[in-house]
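All chains are identified by letter, namely A, B, C and D, in their written order; residue positions are counted from 1 within each chain.
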Amino acid sequence: MSDSGRVEAFSDGVFAIAITLLVLEIKVPPGAGDDLWAALGHQWPSYAAYAVSFIVIGIMWANHHTVFGFIARVDRGLLFINLLLLMVVAALPWPTALLAEYLREDKASHVAAAVYSGFMVAHAATFQALWWWVTRTGHLFDERVDVPGARATRLRFALGSVVYPITVGLSFVSAPLTLAVHGVLAVYYGFNQLPVPTKDPQAGASRSAA
Amino acid sequence: MSDSGRVEAFSDGVFAIAITLLVLEIKVPPGAGDDLWAALGHQWPSYAAYAVSFIVIGIMWANHHTVFGFIARVDRGLLFINLLLLMVVAALPWPTALLAEYLREDKASHVAAAVYSGFMVAHAATFQALWWWVTRTGHLFDERVDVPGARATRLRFALGSVVYPITVGLSFVSAPLTLAVHGVLAVYYGFNQLPVPTKDPQAGASRSAA
Amino acid sequence: MSDSGRVEAFSDGVFAIAITLLVLEIKVPPGAGDDLWAALGHQWPSYAAYAVSFIVIGIMWANHHTVFGFIARVDRGLLFINLLLLMVVAALPWPTALLAEYLREDKASHVAAAVYSGFMVAHAATFQALWWWVTRTGHLFDERVDVPGARATRLRFALGSVVYPITVGLSFVSAPLTLAVHGVLAVYYGFNQLPVPTKDPQAGASRSAA
Amino acid sequence: MSDSGRVEAFSDGVFAIAITLLVLEIKVPPGAGDDLWAALGHQWPSYAAYAVSFIVIGIMWANHHTVFGFIARVDRGLLFINLLLLMVVAALPWPTALLAEYLREDKASHVAAAVYSGFMVAHAATFQALWWWVTRTGHLFDERVDVPGARATRLRFALGSVVYPITVGLSFVSAPLTLAVHGVLAVYYGFNQLPVPTKDPQAGASRSAA
């Protein structure tokens, strides 16, 4: 297995564990007695936060995996940036639980949503940093990649992340709306990822379609 | 590793983590003093729910793995359907804990069993959706698969899932019986999975036997 | 990857997760104030149970992995027996926490140790069942294995497990001693595993040495 | 997959799970009402401990992976030393939670920091033991390694670990400073690992750079 394969496998493990730990945030309502339906219904923010964060981490994984599919070598800088990215991903069960806990409150819901959105900003920032690092010299890419073409996508990649700071602002308007927007954004980026430019466009297309 | 291999490895990770997190649902009885046997015996619903859910997730994994064994390419649609399927699987520790908590109660046990059965319906639905998606065009299969034959199995696959909505109804008769039925169904489907039709029947048989 | 490789990877995942979840059993002493050393010292059963269970699961994994290294094909029977084995392994954080909680008590410590030992009996039983299943016909082995030789080891394998029921009895003498014995047994079996007989004895030796 | 590959994959799994379980240490502040910002701010030791331990485990993984990249065979001794190393790594969420809980207290913070530093000493000790074991005869290395050269690095490897016992002493000066030093040390060792000497220096350089 190539070195980048090993780093990717480790990263995949962290993504898979973080996404599965999300369920620990959903509690079993204690002592619900004869009105379990009502007690379960009362917990809707937990289900909503679980579903959105699951989709978000799933798409984060898919995009991380697409980029790493073009990386052949990992230097210490990339290892470190990737570790920061994983630090954000592995932390996501926490803002998810925070938002679920406070989604129905008034003032606190805005704070929780802002923290949640802040984690999305942090993920976008580390993902951008990773992309800048690998496109900087291009020697980490495998030979299929059109390096100048990849470097030229930096700005468009960055523009795609501008939306995340806006969700921090939106948090102070409505926390449930902010959560819904993060779900929609994840699905949107899941189906509309920028392709990695390749020398043979066919290879890039088939790869980015995965 | 092929793209489908990577998605399968990620899915395997989620299955393995979800199945292992089930144990967190079984509590250590606090302050049992001199009567630990009684305190442990009192927790039998936790052991029953653990055992059934373990078998259920294990068989879900085996069947998911059999289908993915014939998939060579993963498009964004399949990635998304698979993510929904994993969202249901990763959530299973929660209905398991819910059912264990309320299995001995009267009215609440029916609610908990209905929720548990609802998750099985949701899993069957996402698994059907996955099968419909890959048999739709067949271009995601590897070359061994008999695509028209695979498409022809859709209805029989779907009929096999009709039993799950029935367990939702059964939940209002008896929660322990419903749990037992889910265990029996898992074992039954574990040993009686529909084989994926292949051009060379030998290959299909040897594969589906695994 | 061969089918048996996939089942082995899934099993490895369950072993790795179960062994890592053991740490959740060790609590942070709440509100220890100025006497944190004493509060930490008071928790020694948690550390002892963690260390022993970690070694136990680690050796279980090593032996499982040695046997699977000779298995080339997985049928539904083996899949199911392996699932039962994993059900026991994945549950081990629970008897570990139970024993840690009650190790210092009088009567309850014996109950907790008996439950812990019972899980070791259950693991030995499923491991024996797995070995009987694969040596029954031998067609699941890869071609290196001396099948009649492997079948002839059944009794010696079984005798090696007789010690576990004895630890159930020992539990009613002393729970800390029982825990220590399980640690010693794990290390002993870690270094003295029966080799899988091969046609070329060299291959068997080099494999079982791993 | 070679035997060492399997042990490495199992180890990678433990590292990935331990690093991801760190998040369970960060609590959702209960009942924060209208002052969620303050309640979140009050938890800063949890965030600091999470970040430092995440980097620490990440770098531990990278260095473990670099050494295992040169190991071709695993004997029972190496398996056992590696299991002890993993026992320390998998336990790290506990001292992390302990330090986060007591970082703001007076006397208890020193105890918690000393325990945390003690785990770093234990990790360094097991890592040294692993290195001594594999350089002892050298027959476990793959053929690229310059075995006498590798053996000659033992003392320098050991000297690099002298700093960890010093952090135990530092714990009694300042717990927050000790935590910060562990973060700095991890980053330092992440970028300044001793290379494994190889017969072809080029191969060693490219590998240790990963």
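Note that contacts are C-beta pairs under 8 Å (C-beta built on N, C-alpha and C of every residue); 3 or more make two chains touch, one makes a residue touch a chain.
Everything quoted here is computed from the prediction, not taken from an experiment.
The set of chains in contact with subunit A as well as subunit B is empty.
Among the remaining chains, not one touches subunit A and also subunit D. Taking shared numbers over all numbers used, the subunit B to subunit C interface scores under half, which places it in the different class. Separating the centre of subunit A from that of subunit C, both taken as means of CA atoms, is a distance of 37 Å. Subunit C and subunit D have Cα centroids lying 26 Å from one another.
Among all residues of subunit C, those that touch two or more other chains are 9, 13, 17, 21, 24. If the chains shown are joined wherever they touch, the resulting network closes on itself as one ring, and no chain has more or fewer than two partners.
Contact between chains, using the touch rule, shows up for A-B, A-D, B-C, C-D.
Per the touch definition, subunit C reaches subunit B in the complex via residues 1, 3, 6-7, 9-10, 13-14, 17-18, 21, 24, 73-76, 79-80, 83, 86-87, 90-94, 97-98, 101-102, 105-108, 111-112, 115.
On the side of subunit C, the complex with subunit D involves touching residues 5, 9, 12-13, 15-17, 19-24, 26, 28, 30, 32-34, 36-37, 40, 50-51, 54-55, 58-59, 61-62, 65, 69, 187, 190-191, 207, 209-210.
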